[in-house]
Amino acid sequence: MKHIHLPEDRYFGPDPGQKKIAAKLYERVKDKPLVCPHGHVDPRLFSDPDYDWGTPVDLLIIPDHYVFRMLYSQGVPVESLGVPRRDGGPVEKDHRKIWRAFAERFHLFRGTPSGCWLSHELVTVFGVTEKPSAESADRIYDRIAECLASPEFRPRRLFERFRIETLATTDAATDTLEHHKAIRESGWKGNVIPTFRPDAVVNLDAADWAQSVRLLGERSGIAIRGYRDFIAALENRRAFFKSMGASATDHAAVTAHTEILSESEAEAIFGRALAGRATAEDAFRFTGHMLVENARMSVEDGLVMQLHTGSFRNHNQDLYAKFGPDKGADIPVQGEFTRSLRPLLSRFGNDSRLTLVLFTLDETVYSRELAPLAGHYPALKLGPAWWFHDSLNGMMRYREQVMETAGLYNTTGFIDDTRAFPSIPARHDLSRRVDANWIAGLVVRGIVDEEDAEDMIEETAYRLAKRAFKM
Amino acid sequence: MKHIHLPEDRYFGPDPGQKKIAAKLYERVKDKPLVCPHGHVDPRLFSDPDYDWGTPVDLLIIPDHYVFRMLYSQGVPVESLGVPRRDGGPVEKDHRKIWRAFAERFHLFRGTPSGCWLSHELVTVFGVTEKPSAESADRIYDRIAECLASPEFRPRRLFERFRIETLATTDAATDTLEHHKAIRESGWKGNVIPTFRPDAVVNLDAADWAQSVRLLGERSGIAIRGYRDFIAALENRRAFFKSMGASATDHAAVTAHTEILSESEAEAIFGRALAGRATAEDAFRFTGHMLVENARMSVEDGLVMQLHTGSFRNHNQDLYAKFGPDKGADIPVQGEFTRSLRPLLSRFGNDSRLTLVLFTLDETVYSRELAPLAGHYPALKLGPAWWFHDSLNGMMRYREQVMETAGLYNTTGFIDDTRAFPSIPARHDLSRRVDANWIAGLVVRGIVDEEDAEDMIEETAYRLAKRAFKM
Amino acid sequence: MKHIHLPEDRYFGPDPGQKKIAAKLYERVKDKPLVCPHGHVDPRLFSDPDYDWGTPVDLLIIPDHYVFRMLYSQGVPVESLGVPRRDGGPVEKDHRKIWRAFAERFHLFRGTPSGCWLSHELVTVFGVTEKPSAESADRIYDRIAECLASPEFRPRRLFERFRIETLATTDAATDTLEHHKAIRESGWKGNVIPTFRPDAVVNLDAADWAQSVRLLGERSGIAIRGYRDFIAALENRRAFFKSMGASATDHAAVTAHTEILSESEAEAIFGRALAGRATAEDAFRFTGHMLVENARMSVEDGLVMQLHTGSFRNHNQDLYAKFGPDKGADIPVQGEFTRSLRPLLSRFGNDSRLTLVLFTLDETVYSRELAPLAGHYPALKLGPAWWFHDSLNGMMRYREQVMETAGLYNTTGFIDDTRAFPSIPARHDLSRRVDANWIAGLVVRGIVDEEDAEDMIEETAYRLAKRAFKM
C-alpha cells in the first residue's frame, strides 16, 4: 500500500536551522482559529442542519474546477466527470467510475496546490492514508462515503471541528440572505456572515443585467427609474447586508480602471443601459465610476472594499456554451494599477475610513505597482496571493516581492477564497506553514530577530485578517 | 595551470539532504538517450560522412552568436572575430588570434549558460581541462584542432557517442530535404528528421517573400495563383515532410496574434501580396490567420505545431546591414497570449488531435497566461524555458512559475534548440541536473515523495519530449 | 533592554558552506573605499565646514520619504511628522514627539530595506544599540542629538570616516556649482563632484520650464532664441560641469522613448514651447529627441549618460499640493526598452565612446529586454537594482535575472542613489553582503570557482562602478 505523503515538516525549507525556527513559529499558530473573510462557500450548508453532501464526487470533483480542469487538460472529457450540462444533456452518472478516473490520474496533481490540499484533506478530514490510484480508488471512495453519511460530517460539525471563527460568504446585491437569516435564527453559534457583491448590477454588460436591476428595485423597495434611484437602491442593500453582519463588499472587474463621471454623464449612461442601448465603452466607464462610488459608500458605511481584477472569464467558448461559468477556463490578463486607480485614490486614498483591499492575477504588479501604492496610501491594503498564485511558490513570490516595499502591516493576511468547504483547514495550514518558513528565512538571514518573528507569525496567521476586515 | 571548474555535483543546491536526492535522481537519467525534437543543426553534418569542421574557431566561435555577442558587448569588433561580412569584405582570418581574443576574455562568461556549456564541452568532448586564458589559449587550440582532425570527431561518430536518439532539424517549407534523403539512403542508422517551417511563405513581410512563394509553387508542383493554391501547396509540402519523417512544424512570429479571415478576405490579402501591394496590417492579419490554418492542418495530418513568439529580430541596424541575421541582436519584446490565442483555441483548443507547443521570451506570461492556458486546453503544451531563459536560473523560474498551475504533464520536457551540435550533451546534462535539483527540492520540502520524484525525473529527462513530439 | 538585531553574518543564506564562503568574500571587500557615482546628497554639507545637522528628526525622518511614507501608509498624518508644508502652514514642531511616533512604530519596518539601513546606521554611526520603541525613544533621541552636536559628526568628518573615495551629487543644468567650487577652494581633500542633470530644460512639460530655459541662457551666456541656441547652451554647461569634475549626466523620463527629430521639427517644437504652446505630444517627442542629442554630446565629451525611467511622479494629488514633490508618492509604471531605445541605439549603440547606463523600476524588463540589450550593444551598461528594488530581495532578483544574459561585466556595480548621507555606509555594506552571498551561491553550486569568485566580489564592490563611471 502506498501512503499519502504528508510529513510533519512539510513545506519548510531544507536548512536545519531554518526548519527548526519555522517549526517553532508554526507550532505557535497551527491551532489558532480560522478567520475566513472572503470565500464562496454556500450558506445553505449551515442553514440546513441536515445538509447532505452527496457522494465523494459531488463533494470533491464536480464542484472543484481546479481538479477537473487538470483532468480536462489531459484529454478527459468534462461530461465524463459528471459536471452538469446547461441543457441538462447526459453526463456520466456513475460516481465510482468518475472517482476512478480521478484516482488513476492523481499523479497529474504532483507539485500543484490541489495535490497539497487534497492530500491534507484526505488524511486529516477523512482519515484516508492511501495514495489515490486505480488500485486504491474504490477503498478510498468507500471510506469517504462512509464519513459523509455520518453525523459528524454535517457542515456545522465540520465548521466547529475546523475551529472557524468567522466565515464570510459572497452574495449578490439582490440576495435575500434568507440562509444567513436561517442560520442566525437557528440558534447555532457559528459565525457565518454575508459579503455584498454588486457586480451583476454595476457592470452594465453582465449577463441579465436588466433583470438584475429590476430585482434590485424589488429587494430595495426603490423603483429604479434612473441613476439616482440605482445609487439609493445600492445604499439600501448595503445597509441591509451590514445589518445582517456583513463587514465587506467585493467587486470584480477585468481591469482596475476607475474614473469619476459627472452626475449627468452617469445618468445618461445608466439611461442608455435601461433602454438596452449601452455600449461597451459605456459599460467600461460605468464600472470604473461605480468603483469610486462604492469607495464613497465604504467611507460612509465602513464596509471594507475588496477589488479582484484581471480575469478573462469563460475563455473557452465551447465549454462555456455547454457547461456555463466557473469551469476552469478563466485566464488572467495583464494588469495595471498605477494609472487606473488614480482617480479613486485621488478622491479617497488619503481617507483612513476606507479600507480598499487589492488582489491581482498579474504578479508583475506586486513589486512595481501594488507594493509602492500600499506602502503609501492610508486607504490601501494588499490581499494575499490570489487564485493561481495561492500556492507554495506563489505565496513565496508574493512575500518576497511585496513585503520589502509595502511592509507586512499594509497586507491582510491569508484569505482562503474557496467554495470547497472541507479544504479550508488544508489551505490555512499550508499558508501558515509557508509564512512560518518565510519568517524563519528572515530570522536565519539576520533580517528580523526571534521576538519580531513571533509577532509576525501571529499577524499573518490571525491578526492581520481580523483587523483588516474589522472582525 | 588553472583547471576548468566542473565539479561532479554542480548545479545542485547546497543543502546536503537535497544534494543527495538530486544526485540520486540525476544518476537515474544521466545516461538516457537524448531526444532532440527542435533545433537548428545543419543536416549536411550527417549527409556527408567526411564532413570537415574546420578550425576550433569555425566550430566554436564564428557560428555561436551567444559567444561573439558577449565579446562584442565588451567592445571587440565582430570583424575581428572572423564573422563573415555580407559583402565579402575583409574580416580576421587568423583563427589562432581570434581564439586568443576569446580565451583571454573567458571571464566574461562567468555565471552565463555559455560559460557552463563551453566548460562541459571542452572537458567532456575535447578532453581540455585547462581554463581558457591568454596563457593557455594556444595549447587549447591545438588540442581541439587535433580532435577535429581525427575520424572519431566526424559528426556521425559524435552523434552516436552523444547517444542521440532523434535529432530534428528545422527546414524551410521549400527545402528539398536532399540532405535528409542522403542520410536515409546512406545506410547510416542515426535518426535525423526534418521539421516543417513555413515562415518565409506565410509571413507576407518576410524578406524575398515573392521568390519563396514561387519556389513553393515549384517544389509542390502547384502553380500558386491565389490563396487556395497556396493552401494546397502548403498541404502538399507538409505531406512531403511527413513522408520524410517529420513529426512537427515550427512557426515564428513577433506576437501570438491569431485570427480567422474569411475565405474572401484571405484571398484578397494574398492577392495584394502577390501583386506586391500588401500592407503591414495585411501581413499581421495574414500571419495570425495562417497560424489557425496550420493548426487546422495539424489536426488533419497529426504534425505537432510549435509556436515561437516574442523576438524583435535584427535590432541592430548597422550590424544587420553588415553581417546579416542571427548575430546576437535579436531582442525580446513583451508578449500576450490570453487574448491573442483565443481565436485559434476557440476553433481547435478542445481538439486532442492538435498538440500546440508554446514558447515565450517574456517570462511574465509563465504564471499569468501560459500555465493557466496549458492547465486547461487539451490541445496545449508548454515548451521549456527558451533561448535567453535556457539557463540555470531561467529553468528554475520556469519550473517554479509554471508547474503549480500547468502541472508537469502539460509540458514537453527539455528542448536544446541549438545550432551548435557539439554543445548538445552539455545542454541536456545541464537541464537534467537542474530538473534533478528542482525535484529534489520538492522532496525535501515534503511536496512529493521519492516514488513520485523518480517518475518525474524520467518524464523531464526523456519521456515528456518523446510523447509530446510523437517520437 | 531590547537590542537592535545586527548579527555579524547577516544577509547571508543559511547553508553553512555557502555562509562560510560568503563571509570570506565579504571580508575581502568590507573595508574597500566607497565609490558613489550617483546620489542626491546636498553639496552644502561639504562646502560649509560647520554644517549643522539639526535634530535627529531633521536628519533621519523629515528628509527621508522612505521612512515617513511608511508611517503615513499606516495613518500617521504627514504634518504630524514635521514635514514642511508648501504654504508654510503649521506642522508638528516637537521633534521628540515625532521621534516617539516613529520609534513606537519601528515594527512597521520589519523586513524592509529602511529597517536594515536604520539598524546599521543607528549601531555603527551613532553607537545606538537599543531597539527603537516607545520606551527607548527618548534615550535614543538624546544619544543621536549628542552625536550630532559633536565635531566628529560634521559631514566632512563622516565623509572621511565612511571612507568615501568619490561622491557625485546631482545638479540642475543651471546650477552655478558654487558649493562644489567652495569645496575645491577650501583645501579639503574630499572628492565631491557634480552630475549634469538637464531634465528641467529638456522636458518641455517640466514645472517652470520657461524660467529654467531663461536661466540656462543666463548661466551659459547664450541668448536662447531657438533650438540651436538651446543646444549650444547645453553643450556650454556640459563643458562647465566637466571642468568642475563631473564624469556623468543624468536623465529622468517616464518612458525610455527615443526618436530623432529633423532639425526643422526640433526647431518648430522648441519654438512652440518658447511661445508657451507646446503640446503633450510635443513634450513627449522632444524628450525622446533630447535623449538622443545628449547621447551625441556624450560621444563627443565623454560624459557617462544615465537614464532613469518609469516613475509616475507625485501620484497623490492632495499630498503634492500640500507638501510638494519627493514625498513617497512616486509610483512605478510599466516599462519598455526594446522598441523605445532603438532610435538612440541605431545611432550610437555601437559606439564605444558612449556609456549609457540604464535603470528600471519595472523588473519585468530585466531578463526580457535589458539583459539582452546590454549583452549585445557596446555602448550599454546596466545600473543596479534601483529605488524600491534596492533591497535584499530586489538585488537578488536583479542578479538572478540579469547576470546570465548580460554578464557581470556589462553592469555597473552598486550605486547608493541616496539623499540620506549617513545611510551611505549601510547601503554599501548591505550591497556587499548580498553580492558576497550571491557569488558564494555560484561557488557552492559549482558555477564559478573560488578564484573567479574573488575577482567577482572585487568587481561588484568597487571596480565596476569606478570603471563604468570613469573615475
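A, B and C are the chain letters, set down in written order, and residue numbers restart from 1 in every chain.
Keep in mind that, in the parts below, a contact is a pair of C-beta atoms (placed from the backbone, for glycine too) under 8 Å apart; a residue touches a chain by one contact, two chains touch by 3 or more.
Given the structure is predicted, the values throughout are model-derived calculations rather than measurements.
Q: Tell me the rotation angle, 0 to 180 degrees, that brings the C-alpha atoms of subunit A onto subunit C, to the nearest 5.
A: Rotating subunit A by 120 degrees superposes it on subunit C.
Q: Looking only at residue numbers at the subunit B/subunit C interface, is the share used by both copies over half or under half? Answer same or different.
A: Homomeric contact, different residues on each side for the most part.
Q: With centres defined as the mean C-alpha position, give me the subunit B-subunit C separation in Å.
A: Distance between chain centres: 40 Å.
Q: Which parts of subunit A, given as residue numbers and ranges, touch two or more other chains?
A: In subunit A, the residues touching two or more other chains are 13, 15, 364.
Q: Which residues of subunit B touch subunit A in their complex?
A: Residue list for subunit B touching subunit A: 13, 15, 17-18, 336, 338-339, 342, 345-346, 349-350, 352, 364, 367-369, 371-378, 380, 400-401, 403-410, 441-442, 444-449, 451-452, 455-456.
Q: Could you list, by residue number, the parts of subunit A that touch subunit B in their complex?
A: Per the stated touch rule, the residues are 2, 5-7, 9-15, 69-70, 72-75, 107-113, 115-116, 312, 315-319, 328-334, 361-364, 388-389, 391-394, 397.
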